[in-house]
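Next come two complexes, and both contain chain A; in the first it sits with chain B, in the second with chain C.
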Partner chain A sequence: MRASDARSAYLMFLPVLIIEAALVVAPLIISGWYSLYNVRYFKIRGFVGFDNYWHILTSSSVLNSLFVTAIFSFGALIFTFTLGFALALWLQKDTATNVAMRAIVLIPYMIAMLVGSMLLKWIYARESGLSPMIFGAFGFGDVSILADPQLAMGGLVFNAMWRDSAFAMILLLAGLKSVPVQIFAAARVDGASRLYIFWRIVMPLLRIPILITVIRLLIHFINTLTFPLVLTGGGPANSTETLVLYMFRRGFQDSVLGEANALAILIFVGNMVFVAMLLLIFRKAQRL
Partner chain B sequence: MSEATFEPPRRGAWRARVARRTAGSLVVNAVIALFALFPILWGLSTSLKPKDEIVAYPPRLLPSAVTFEHYMRVFNDSVGHYILNSTIVTAAAIVLTLAAGALGGYALARFQFRGRGMAMVFIVGVMSIPIASLLVPTYSTLSVLGLLNTRTGLVLLYTAYQLPIVIWTLYGYFLSLPVELEQAARIDGYSSSRVLWRIVLPLSKPGLVAAALFVAVFSWNDFVVAVTMTSSESVRTLPVAIYNYLGFYGREWGPLLAASIISIIPIVAGFLFLQRYFVSGLTGGGTKG
Partner chain C sequence: MRIKTLLAAVAACAVAGSAGAETTLTMWTFLDPAKEGGRDVALRQIIEHFEAANPDIRVKVEPQVWTTLAEKFVLGHGAGSAPDIGWVNAENLGLVLNSEAAADLKPIVVDTWSPERVSDIVSRSLLDAVTVDGHVLAMPIMPITWVMMYRKDLFDKAGLDESAITTWDGVTEAAKKLTLDTDGDGKIDVYGLGMGLASERYSATPALFAAIQANGGLFGEGCEPLLDNAGTAAAIDMQARWINDDKITPKEAIAMTSDDAIEQFTAGRYAMQIIASSRFERIQSEAVGWAPENLGIAPIPGEAADKIGPHLVTGWFAVVDDASDNREAAGKFVSFMVDADSAALWNIPGGQIPTMRSVAARPEMSEAKYAHLSKVAGFMANSGELLPGACNWARTLADFNLATQKVVLGQEDATAAVAEMQEATAERQ
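Coming up: the complex of A and B.
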């Protein structure tokens, strides 16, 4: 190892370091600093210590948005994961049909999140005529999906499931690939039923991929801004105002940047808990 | 299925069962495809309908006569300009990310240096930070740097967010190349930058294409970063423009959906042609959210 080699390695890595330091690390530091001040409309108006944090932790709006985030994330997780798992099992074999089907299922995931939500907003809209027709068939008549708190949450969850179950499918397919096919064949020969194979062979062998998929989906849902911003804007009556949406509004609509930064720091720390879990699982999986 | 059959079934019965199964899986596949594609096809159909047909009840599945009036209308409302902005930002982000990513990935793949392990952890760490928790801080940072409301600001942010996955992809690809070729070139007196440029990169085309596609899809599709960091019409990208059309056209869904379909076309076309590059990257990297 020559000294000049190490020097050129550092030089090669320098651009990466500069970009990430300036646009990812520096913002977090600035954020931590701003979060201790009263900042309104870009003007720093004085040091307030942990007042911003105290204000957030005791605010009823934050409490409401935490609750909304929890409901949305778990609802979206259950439906997205279940559908993704079903798709992975159904499209497991690498036949030409299955490869084509995987591509079709992935299209909602590939297009812009904003556009996907816009397309669903049109389906939910009463004027499109679809929801009155479907709900009318069940005798509900004139229902506006995004104007009813519970239905609006359902609309958000459906958006998540429609877009992201393909993502879950891809992650789980990679896990299924690592399970030797002979095990299934051997179990079938031994007379095991499909249900038995699923619960006693597939599930235990896929423990790690399942955990990884669940955590990655959770991180994604907790931090999703586009679905509520486009579909409901947080309404009706704040029933779909997630934590990230609340932070977005405090920062960019109310311009209370000190408090928004404190909220961002808290959300960041919360995320890091999940990321740490993910890294631990990876390390454990590598040791197995 | 599990009941054992001791006498071989008759040929006809076997055939009938196979036929039933094929028909059954065809139905399931059709339902899945309809679920995935219906919102897109319904939007496409609406965007081609004459104005009064869009809100007709009961809804018509297909337009009675195809019209491009809504597409003409969004082009009159400068959608062309927004497409251009999106294209510029996407292209610049691809170039910058690949340049910095190839250098960084090569350094990690082929050099032993102090801090290499830390650099890897740093890459994975940055990859796992969800963008939402960075929005408010980044807004303050860009205003300090004087890059708020500029295309340059967007390009730099997209580069920062996509660099980790690009480095990860290229690092893996570089590792799979035979090192002997590079050693031979070094003996011939090539500098390490010349080895990278003349030997390694020409051999890494599939890796570079896959990396470029991630950046392209991310930059073309991004709404959240662009809507927070830009406000003026001159730098507005296509997704932000579509979101603004929501207020601009009010309850007029024709132009709104026409603009949405325009945004989808390059993604769907590119994805169908280059599918294999995407899927390998989605599973790799592990922790990226």
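Coming up: the complex of A and C.
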């Protein structure tokens, strides 16, 4: 490559770098800086070093939120991914019915998160919602989903699955479409069963789409605020208060911004660690 | 000669310019004078009257979303882009009063008032709560308080009247009589007492008022919370007992926001509920399955029948940016916005509680359609109480709900729950 070509390439790349620096790197640095100070009511009250981090790491509320986040994120990931994958396999062929079904399945994903969560909240409500009618048929008519800690978490996971399985379906369907049909035809000629084709052909060839889907979903679930804020409000008794909801409350309701920024940094690091771990796991699986 | 003429002309222009100089005040509020709502019309008329009396001052309103007014004002102060005047709700006063963004209104507003003007204010606590170290940092414009709203028709059927709910014990007994399975299907159709006990989009619930009365307030010196005590524990226990033992409130209340519970009340599912006074007309207009005239207002119950409970006052306050170049003019407008003539406009057509005794005593206030405003003004005058503006108490209301949730679910007893409340509230100060 000539020097002038390299310079042109760097120049073309520069706008993206500037945008990334302004919208991602700079806020991260500012957040990290704030996390070392006692910031209350939008005012810096003094340098506290790592006190905010220590306070977070020793807080029982944060520990509870960490546990809640883990349950929600992995529960939502498992159900959303499974349903998304099942839909992708089911609707893989481009028949008229399947195209129509794909459009129908996409409807929850098209609805704004806030609106979707509010709709579900009304459906879950025992006093005025549809859940007594639905659960009543199974003899559970008097159940109050949102007033029970376990059921509220189930409702939250369902909210995520209901909305985001269509997104998983799109990503995985794109992966399935990229597999040459000749491979499936050859496998069938060789007498391979459907299960064999799935495990030995589909899964290995979909490794990258699966990795992308899992990482994208996991990061989304760890960082989502709308579902718990609108649907359950973190309750009852903090049983659905995720880390991000706790951070939101500390920052914008309690006005303890230094601590909220420290938690934001820790969540960011946690996200990075998760992504790195998933990449490692998939790389190892590729070698097997 | 030409130069002299030119200089004279420039000087003349400067003099003319300064004579006609106009100060333009910017104000951030959730109201919009261009709209036709009662409060919007009141603000429009107040501005027109002020500008007519002060031709050299113009008031420019920049309507904002009410939920972010306080944050935007404080951030704007830091960035040098705050308006001259901002409106702040009581729950967010702590944010403004602790951020050094608000100017002292004592010299430019309060000190300009006559003693008669001061004594005309309905509740002196309105000013006390926003006075920090002798500095008056905000001015109450639209006070709101909570009252016990109840269904007169259901009370009549049960042989009850307002006097039955003057104490919390009375409320319990009345609610038991009012909790009914009206269609005989084995399920309760009307609960005696409604509450919204979620930790998000919350409001004041009975335990808060019982605790304030038992403890003489929520905060001591230096915003030290007064929550970890037997009085607060008893108040939390009372709320939990209503759900778990007395069954006068549905268990789902622990997952209901304040708005959810009010919707249920409006739909006829509850016989009584503590609700902000400002909701009265809206509930009447949206009532489903019951006549609007059956909506009654009673004072907050107390410990004993002869003394009504505390009426926690919140609402909207005006603050002046401490960095504003127009502080004097801004103070002048703020003072105008809360004087007797303006208070009359906030009252009618604004539909707000009278803040001045002279306004409350007007003949119009004895008309049936304004009876509720007059009644609420009476409650506020008798037992109105503002929490200290400099203390961060907004989420303490949610702490009361969280503590009740834990006790209802059997996760903690009330004593442990109030200890956590104390710690959480203290941490926010």
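Everything below uses one rule, namely that the second predicted complex is superposed on the first by the 244 of 288 C-alpha atoms of A that agree within 3 Å, B and C clash if a C-alpha of one lies under 4 Å from a C-alpha of the other, contacts with A are read in each partner's own complex, and residues count from 1 in each chain.
Just so we're on the same page, contacts are C-beta pairs under 8 Å (C-beta built on N, C-alpha and C of every residue); 3 or more make two chains touch, one makes a residue touch a chain.
Since the structure is predicted, the reported quantities are computational estimates derived from the model, not experimental observations.
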Open item on the list: Once chain A of both complexes is superposed, is A:N261 in touch with chain B (first), chain C (second), both, or neither?
Closed with: first
Give one of first, second, both or neither to describe whether A:A125 is in contact with chain B, with chain C, with both, or with none. both
Counting residues of chain A touched by each of chain B and chain C, the higher count belongs to B
Could you tell me if A:T95 is touching chain B, chain C, both of them or neither one (first, second, both, neither)? neither
* Should A:P236 be classified as contacting the first partner (chain B), the second (chain C), both, or neither? -> second
Check the residue A:S178 against both partner chains and state whether it touches chain B (first), chain C (second), both, or neither.
neither
Next on the checklist: A:P149 in the overlay: touching chain B, chain C, both, or neither? Say first, second, both or neither.
Outcome noted: second
Message: Once chain A of both complexes is superposed, is A:Y10 in touch with chain B (first), chain C (second), both, or neither?
response: first
Going through chain A, the residues touched by chain B and also by chain C turn out to be 42, 125, 127-128, 252
Given the complex, residues on chain C that touch chain A span 71, 74-75, 78, 94-95, 98-100, 187, 198-201, 250-255, 257, 260, 264, 267, 269, 392, 394-395, 402, 405-406, 408-409, 411, 427-428
Listed in rising order, the residues of chain B that touch chain A in the complex are 1-2, 4, 28-29, 32-33, 35-37, 39-40, 42-43, 46, 54-59, 99-101, 103-104, 106-108, 111-114, 116, 119, 122, 124-126, 128-141, 143-145, 156-157, 159-161, 163-164, 167, 192-193, 217, 220-224, 228, 239, 242-243, 246, 251, 253, 256-257, 260, 263-264, 267-268, 271-272, 275, 278-279, 282-283, 286-287, 289
Per the touch rule, the chain A residues reaching chain C in their complex are 40-43, 125-128, 142, 144, 146-147, 149, 152, 229, 232-238, 241, 249, 252-256
Interface with chain B, chain A side, in the complex: residues 1, 5-6, 8-10, 12-13, 15-16, 19-20, 22-24, 26-28, 30-31, 34, 42, 87, 90, 97, 101-108, 110-116, 118-120, 122-123, 125, 127-130, 132-133, 162, 166-167, 170-171, 173-174, 191-194, 212, 216, 219-220, 222-226, 230, 244, 247-248, 251-252, 257, 260-261, 263-264, 267-268, 271, 275, 278-279, 282
